[in-house]
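As structure tokens, the structure follows; a few thoughts come after it.
Order of writing sets the chain letters: A, B and C. Residues in each chain are counted from 1.
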Amino acid sequence: MMLEIKDLKIGFSSESGITPALHGVSLSLERGETLAIVGESGSGKSVTALAITRLLPTPPAVYQGGEILFEGRDLLKVSDAELRRVRGGKIAYIFQEPSTSLNPVYTIRSQIAEMIELHRPDVPKSTADIDAEIIHWLDAVGINEPARRLHDYPHQLSGGMQQRVMIAMALSARPDLLIADEPTTALDVTIQAQILNKLRDLQQELGMAVLLITHNFAIIPGLAKNVAVMYRGKVVEHGNTEQILRDPQHPYTKALIACIPRLGDKRRRLQTIESIN
Amino acid sequence: MSAFIIRRLALTVVLLFIISIISFFIVTLTPGSPYPWGELNPKISAEVKANFRKKFHLDRPLPEQYAFIMHDLFTGNLRSIKDDRPVLSRIMERLPATLALNFTAILISLSFGTLLGVYAARHAGHWQDITGSFVAFLFIALPGFWISYLIAIGLVKVFGVPILGTQSYGIDFPNAAAAGLDRLWHLLIPAIVLALGGLASQSRYLRATMMESLREDYIRTARSKGLAEDVVLYKHALRNSIRPLISGIGMLLPALLGGSVVVETIFAYPGMGRLGYEAVLERDYPTLVALNFVAAALVLLGNLLSDLLYAVVDKRVRLE
Amino acid sequence: MSTLAITPGALGAVTQETPGARILRRFWGNPIARISVVIILFFALTAGGTALLGALGHHWPYDPNLTNLDQKLLPPSLQHWLGTDNLGRDVLSRMLNGATISLTVGLIAVAVSLGIGVIVGAIAGYFGGLTDQILMRSVDALICFPTFFLILTAVAILGPSLINIVVIIGLVSWTGTARLVRGEFLTIRETEFVKSARVLGQKDWKIIFRHILPNASAPIFVTAVLGIPDAILTEAGLSFLGFGVQPPQATWGNIIADSKTYLLEAWWLILFPGFAIFIASLAFYLAGDALREASNSRS
């Protein structure tokens, strides 16, 4: 196992005490595979994603228990310096909102160069070499005329292009695991498919593992081999995507799957989920 | 960008006009002024009064008085009551020393204020932050004249270091470096005293905006890249919090120019502040009007420069 | 992020608490705030007590203006706790009287500046448009003036009486309040309850005073508290330059100013009054800051 989360418990402190967010989450992910975590907002899926490299600000977050084993080491226990080597270098992230996730006052080049300078000792430190590497990745994620985009600022790009830049930045460090937290939620539907296809192609090409966080079950088939369904801070179902789609066990999963709109389903009204206990 | 500059310049012209009117009113609209000897003094003959009224155009309606005073100010006809020299040139000869002092003070305020502000924001809510806030308010609450005196007494009495004026007189310096060091020393002490309050308010202001910036998504991105905390703070967060840092220059200047009256007086530093105090003591109204006007205009200029500087630093401003 | 963000756990637990009570509870929970309040109370009681005693024709420990050239420049002792000045006057007695002046200046100057600032800010923020432009550009222009020097100039022209000083300090220092109030008004003007009050045909002044102003009271109160030490420090500076409240009335600033020539031998003449200014200002600043923290819905 490359990543194994065991009984992770996280809460958020406020004036009136600690509100639990994760009630003992357990997950595992093999090298090179894709795992999707699906659930509604507030289910704890993003908290889980951020918790893996301790990106949740403490306070208010409180790590109350459990282990996050990455390549055999518990990331909850490693030193800050060690953690920084893992962040970006071994585990890279892309986030939901590309327009706010890129720093508005730095150029595309400067933001990607940081990643390469930090995590790619194989790339020579000269401007030309770094530029070449950045252009390679911008090209890989499907940005036209990448050399001309280097000195653009984020606000000069469209949302889809910004997310491609985020992906290029994440991949430029050649991470073992890419955590994509709702990578297409903020984008137009047509762009969503392009970005997801690009992600899948790149994953197969680079052989990295992907942890895909989404609220949308519909995008998972064909993208992720395994899926974990989260509900109210717990993993209620975890297993092979096909199998869960065919034979969901937990009532929440059933409801979630029932919500996927399908072509040819004209008579049915779209389903909504009421509270399930 | 050019539209931004034009808009900013137009605003500056409008403000300069309002500033000139306020300066004019300060002296003209107050009862008994601008007679240096008081309206009803019986020793002054009617002829002298009439001459005075004519010299400062007080026999004209207000708008004309305003126009004359502004005209006289720039043509050198507005002369000091004390030595009958054009007030503008009296001010200009003090300007280099004033700029040196205030520029140094701003430099100290901004650099140390930034360090303190970032430090407090980094440890927000912890004891380091609380201590930082306490130190900041300690500096703000220190009466400038008091701390100037304490420092002056300490340096003169305990260390025997001369600190008055811009340099030590009556000493033959062995070389130019020693003389330069002596001048720097004379500049640095009053500048530090002057800077304390600004340093503190700058740190409070920066702490607040840093806290905002640190909540942004791109900070999470920066951390997720494995960047060291110093890089996250000083590169990613600070650059986005730079607006108060730059506009801070415009905000610090009025306080500094005002505060330098006290500090320059105590340290016998020959800047505009001391000129102002002398003018107040001598009821030298032309000099007072001009000083207020020139100081406000300097601040306005500082604001304009800082806004332009900001437009260069943050490209998004051009789009606003 | 909106100021209305409610964490799930906080819901239900503190629903009955009014905003004011919440601010007070959080304020009082801060040890620095408690110490500051104690210092301010001590300062206020001293100032009030001395004023009351003076009005009754009594002095403690001595008459602040009683000169005694046999006892000039005495260091602190059991007879004169804080020593005597160059005319043999008791420094402690003079400082107690100075406290009255400082507190009076602080409170009245803030009242003046608050009055102007709130009215100008409210008009600019509520009516907007050209009114707003004219008022705010004037504020921008006034802010450019070197505050202390402007006050010094005005005091020098009008004459340094207590009333002139507080009015001038107030007249020059309202700009910050005006900007703040305008900002609050711009935000609150767009809220649903103000819009509905307007639709119901309520009068402008009623909307301003009944609906908007109470909702902006917390930040206004904070600036008021922070304005007090500003005024105290300004008066001390004026006194030091000889343009504060005039002798023989003692002020913290002019005790130091009068001792200029004896600085090197009579340390107590500069140390104690300066320290009083410093501590009183610090207490107000810290209390104001704690109040701001307590009323900040984010933290």
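Things worth noting here:
Just so it is clear, a contact is a pair of C-beta atoms (placed from the backbone, for glycine too) under 8 Å apart; a residue touches a chain by one contact, two chains touch by 3 or more.
Bear in mind that the values here come from a model prediction, so they are computed numbers and not experimental data.
By the count of C-beta pairs in contact, the leading chain pair is B-C.
Compared with chain B, the chain whose C-alpha mean position is the greatest distance off is A. Taking the mean of the C-alpha atoms as each chain's centre, chain A and chain C sit 52 Å apart. Each chain gets one centre point, the mean of its Cα atoms, and the points for chain B and chain C are 22 Å apart.
Among all residues of chain B, those that touch two or more other chains are 125.
Within the complex formed with chain C, the chain B residues making contact are 11, 14-15, 18-19, 22-23, 26-27, 30-33, 125, 130, 133-134, 137-138, 140-147, 149-150, 153, 156-157, 215, 253-259, 261-262, 265, 273, 276-277, 280, 283, 285, 288, 291-292, 295-297, 299-300, 303.
Interface residues of chain B, counted against chain A in their complex, comprise 125, 216-218, 220-229, 231, 236, 239-240, 313-316, 319. Residues 50, 53, 55, 59, 80, 83-89, 92-93, 95, 97, 100-106, 114-115, 118-119, 153, 155, 166, 169, 173 of chain A touch chain B in their complex. Across the complex, chain C meets chain B through its residues 1, 32, 137-138, 140-154, 156-158, 229, 233, 236-237, 240-241, 243, 253, 256, 263-264, 267, 270-271, 274, 277-279, 281-282, 285-286, 289, 299.
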